[in-house]
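What follows is a set of structures for review.
Paired with subunit B in one complex and with subunit C in the other, subunit A is shared by the two complexes that follow.
And then the complex of A and B:
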C-alpha cells in the first residue's frame, strides 16, 4: 500500500505544488524544472512506456492468431505490419549515399554528365560547379534504398574517379531521411492510410449535419437558419444576394416564429406577404438598390453571428472548461482525488 | 460571517501581501493578479470542500449524461453485447484523460456488477497502465475480481488515425451496445461517434476539447458539456469532499461573472472619462 498509494500520492502532491507555485518563484533552478525538466521527465517515462503498449498489442494479436479467434486473419496483417516497422526502424536503414573525390583530370565533364543523368537533371554544368566547389569529397544528391542499386551506379563512376565511397545516414536520423526504408513506409503507407481516415470525416460531417439540421424544434430550426446564413456569408455568392431576397427571407423567418401563435392561416399569409410588399416598397423608396442597409447583407449578418452569439457561447463554454480543469487539478494536487492512482 | 471565512480571508491577504513584498526578489514580477486569482480559486474551492466535510448538504442538479451511464451498461447486458470505453487520444498529462479514467472506474464497476464485457482500447501506454489499475480496483470493489482481465484495457496505436481506424474496426466487428467517449479528442471524435451511431449503440460523450463538443452533441445520445464533464467523477462518487469542490467551482464561476460585469462597468466609466482608474491595465 505504501509503495502503491502513499509514495505516488506524495510525489503527485510535491511535484504538483512545485509546478504550480514554481511559476511565481524567481529562481532559475525552479523555473528550469517547471518549464523543461518536468515535461522532459514525462517524455522519457512515456518513451519507455511505449514498449509496454507495443508488447501488449503484439501479444493480443498473436493470441488471436494462435487460438484462431474470430477475424484472426486481420491479426496476421497487424503482426506483419508491426514486424515490418521494427525491421525498417532497427535493422534496415536504406538511405545509402555515394561520395566521390579525386576525379581524374579531364573527366569532370563525364562524371557530371553521368550524375546529371542519374538525378534527371538537364544541366550537367550545375553538377560540375558543385563538384568543383566541394572541399574534400562531393556527396551525390541521391539516396539509394538498397546497396545493390547504389553499387550499380558506382560501377558507372568508378573508371573516372579516384575515390568513391558508399555510406549510409546514421541510425536514428534515418527515420526522417528521405530514401530510408522507414521514411518510404511512412510516406507511402502510413500517410495515405491516415489521409484516408481523415477524408472519411467529410462524409461523416455531411451525415451528422443532416441529422443536426433536420427541423424538429425551435432550436434545430435556429441552427439550420444560422448554418445557412454562415455558409452563404462565407462564399462569394453571399455578396451577390440582393437586399430584397434577404428581406423576403427575414419575413419568412418572422412568419415561422409567429406561426404557432396565429391559428388562422389566412391572417398569417396576409402578414407575411403584406410585410414583404411593405419591405420592398419601403426599400425601393429609400434607395436600397444603390446602398443596401448592413442589416440586409448576408456577409455582415454572418459576421455578426460569428462575432457575437457564437463567440459568447464558446467563451462561456471555455470558462466552464477552464474552471473544471482548475478544480480537477486542485483536487489532484491536494491529494483529494486519488482515483487516478487506481480508485 | 463565520470564523472560517475570516481565517481564510486573512490567510489570502497575508499570502498576497507576502507576494507583493517579495516581488522581484523571491517572487516573479508582474504576476500579481495571476497569483491572486490562483490563491482565490484554491481557497474558495478548499473552503467549500471543508464545509462539505463538516456535513453540509450539497445540492447537485441532475446531469442526464451521467445518470444514463448505468442505463447504458444495463442495456448492453440485456442485449448480451459489450461496452466500449474510449478515453481519448491524449496522455495522462491532460486533465481530460484523468477525468475520463475516473469515469472509467465507475463504468467498470457497473460492468462488473452486471457481468457485462468491457473493452477499453487506448492510444497511450501510460493510459493503458492507469486504466488497468482503475478497472482492477473497480472489479475488486464490485466483488467480482474474477471477471477482470488485463486484456480488457489494451493498446492500439499512438497514431491518431490508426487508433481511430482500430476503434472503428472494433465497433464494426463487435457491435457494442454502449459506447463511451470520455477524454480528450481531436478530429477523430466525429469518425468514432458517427460509426457508433451507425451501429445503433447508445452513446455518451464528454470532452474538454471545445471544437469537438458540437460533433459529439450531434452524433451522441448524451454529451457532457464543458464543466459537466469535469464534475463527473465527483458526481458519481458522491463523496462529500468532492461534491464540495463542485460548489466551490460554481462560486468561483459566480465571482468570474461578477468580475466581468465590474470590469465592463469600470472600463465604461474610464472610457467616458468619469473615472481615472483603468482596470484593464491591472488585468
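And then the complex of A and C:
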C-alpha cells in the first residue's frame, strides 16, 4: 500500500506544488526545475508511454485473435501492420545511395549522361557541373529501396569511375528519408488511408444532415439556419449568392422561427410570401442589384455569426473548462482526488 | 400540387447510397474539370492579417514553422504549409521546422522537399528540420527555454552545433515569428499558452475548419495574429502569395487549395439542398400523418 498509494501520492503532491509555485518563486534552481528538468522528465515519461501503448495495443489485438472475439479478423490486419512498421523501422532500411570518385579522364561526359538518364534529367551538363564542383566524392541524387537495384545501376557506372561505393542513410534518419521502406509505407499506405478515413466524413455528414437536420423546434431552427449560412459563407460560392436569394432565405428563417407561435398556417404563409415580395420590390427600387447591403451578404452574415454568437459560446466553454481544470488539478495536488494513481 | 408533393416526398426519402453517389460526383467533377467552375476567392480579414504579418518580416529573420497535422488533415493544412514556405523563401527568411505530432515529421519533410529546390534553398543555411519529440506542451515549454536540451540533433541526426543557421538560436526568443500548422492537440492553443504569449513572440496559425471556433477567441485577443481557416483559408493565402510573387517577378506552380475550392463549394451547396429537401419532405409527411 505504501509503495502503491502513499509514495506515488507524495510524488504527485510534491511535484504538483513545486511546479505550481515555481512560477511565482524567483529562485534559479526552482525555475531551472520547472522550465527544464520537469519538462525533460515529462518527455522521458512520454517516450515510455508510447512504448507501453504499442505493447498494450499488441496485447489487446493478440488476445482478440486468440480468443476469436467479434471482428477478430481485423485484428490480424492491425498486428500485421504493426509488424510491418517494426520491420521497416528497425530491420530493413532501404534508402541506399551511390557515391562516385576518381572519374577516368575523358569519361566525365559519359558518366554525366548515364546519371542524367537514370535521374530523368534533360540536361547532363548540370550533373557534370555538380560532379566537377564536388570536393571528395559525388553523391548521386537518387535513393534506391533495394541494394539489388542500386547494384544494377552501379554496373553501368563501374567501367568509367575509379571509386564507386554503395551506402545507406544512417539508422534513425532513414525513417524520414525518401527511398526508405518506412517512408514508402507512410506516403503510400498511411497517407491515403488516413485521408480516406477523413474524406468519408463528407458522405456521413451529408447523409446525417439530410436525415436528422429537421426544423422541429426553435433551437433546431436556429441551428439549421446558422449551419446553412456557415456552410455557404465559408466557401467562395457564398460570394456569388445574390441579395434576393438571401432575403428569401431570411424570410423563410423568420417564418420557421415564428411558426410555433402562429397557429393559423395561412396567416404564416401570407407573412412569409408577403415579406418576400416586399423585400424584393424594396431592394429593386433601392438599387440593391448594383450595390447590395452587407446585411444580405452570406459571407458577412457568416463573419458576424463567427465573431459574436460563436465566439461568446466558445469563450464560455473555454472559461468553464479552465475552471474545471483548476478545480481538478487542485484536488489532485492536495490529495483529494486519487484517480490518477489508478485502481 | 399532389405531384409536386410526391416529388418532394421521394426527394426526402432517398436511399443513402444515392446521397453518397451525388456527394461523390459533386466533389469529383469539379476536381476533374476545375475549369467548369471558376469561383472568385475573397481573402477574409483574418487571412489578410496572416499575410501582412509575414510580409512585414525582413530578409534574414527567423521563423519557427510547427507541423501539427497528419495524413487525415493533409488536404486541408498541407497547401497552407506550401504557400507559407513559398512566401518565406521568396522573402529570404530562415525557416526552422518543428513537429509536435509524429506524422508532422513526414509532412515537414515533404513540404520542404516540395518547395526548397524551386527557390534554391540550402539545408542548414536557409532551412532546417528538427522534427518530432514526444511530450506535447512539454516540448513547447522546452523550445521556449532551451532548444538544445530537447533537440541535440536534427531530423537527419546532424548535431545542432554543426548546423550553421542554428548558431545563434537558443530558445524561442531568438525567433521573429512562429507559425503553427495545427490540426488539433497539441497545437496553436498550446503555442499561445506555453511559449508565444509568455515570451511575447508573434504567432499566426493555419488550422482545420472544425478548429476555427476554438482558436477564434485567441485571434480576437491578438494572441494569435490572424488565422487561415481550413481549406478556404489556404486558398485565400495562396491567392495572396501568388499576387505577391507576381509582384516580385517570381514564377511558380499554382497552389492546390484554390483548385479544390470549387469541389468544396459544390459539395456544400449539395448538402444544403439535401437539408432543404429533407425538411420540405418532413413537413409534407407530418401534415399527411396528422390528416390521416
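Criterion: the second predicted complex is superposed on the first by the 237 of 343 C-alpha atoms of A that agree within 3 Å, B and C clash if a C-alpha of one lies under 4 Å from a C-alpha of the other, contacts with A are read in each partner's own complex, and residues count from 1 in each chain.
The definition used in the following text is that a residue touches a chain if its C-beta (ideal position, glycine included) is under 8 Å from a C-beta of that chain, and two chains touch if they have at least 3 such contacts.
Please read all numbers here as calculations on a predicted model, not as lab measurements.
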- Query: Touching A:67, do we find subunit B (first), subunit C (second), both, or neither?
  - Reply: neither
- Query: Taking the superposition as given, does A:214 touch the first partner, subunit B, the second, subunit C, both, or neither?
  - Reply: second
- Which of the two partners, first being subunit B and second being subunit C, lies in contact with A:194: first, second, both, or neither? both
- Message: By the touch definition at the top of the document, which applies to A:234: first (subunit B), second (subunit C), both, or neither?
- Response: second
- May I ask you to decide whether A:263 touches subunit B, subunit C, both, or neither, giving the answer as first, second, both or neither? neither
- Message: Just checking: does A:183 make contact with subunit B only, subunit C only, both, or neither of them? Give me first, second, both or neither.
- Response: second
- Message: Contact-wise, after the overlay, does A:50 reach subunit B, subunit C, both or neither (first, second, both, neither)?
- Response: both
- Query: Which of the two partners, first being subunit B and second being subunit C, lies in contact with A:202: first, second, both, or neither?
  - Reply: second
- Query: Counting only touches as set out at the top, which of subunit B and subunit C does A:314 meet: first, second, both, neither?
  - Reply: both
- Message: Considering only the contact definition stated at the top, list the common interface residues of subunit A for subunit B and subunit C.
- Response: 42, 46, 49-50, 190, 193-194, 197-198, 205, 207, 209, 211, 314, 318
- The subunit A residues in contact with subunit C across the complex are 35-36, 38-40, 42-43, 46-47, 49-50, 169-170, 172-173, 175-178, 183, 186-187, 190-195, 197-199, 202-203, 205-207, 209-211, 213-215, 224, 227-228, 231-232, 234-237, 239-240, 299, 303, 306-307, 310-311, 313-315, 318
- Partner subunit A, residues of subunit B touching it in the complex: 19, 24-29, 31, 34-35, 38, 41-42, 45-46, 49, 91-93, 95-96, 98-99, 101-102, 105, 122, 124-126, 128-130, 133-134, 136-138, 141, 151, 154-162, 164-165, 169, 173, 187-188, 190-191, 193-194, 208, 210, 213, 215, 217-219, 225-227, 229-231, 233-234, 237, 241-242, 245-246, 248-249, 252-253, 256
- Item | subunit C residues within the subunit A interface of the complex | 14, 16, 19-20, 23-24, 27, 39-42, 44-45, 70-75, 103, 105-106, 109-110, 113, 129, 131, 133-136, 138-139, 141-142, 144-146, 149-150, 155-157, 209, 212-214, 216-217, 220, 229-230, 232, 235, 261, 264-272, 274-275, 277-279, 282-283
- So, in the complex, the side of subunit A touching subunit B is made of residues 20, 23-26, 42, 45-46, 49-54, 56-57, 60, 70-71, 74, 190, 193-194, 197-198, 200-201, 204-205, 207-209, 211-212, 314, 316-321, 323-332, 334, 336-337, 339-343
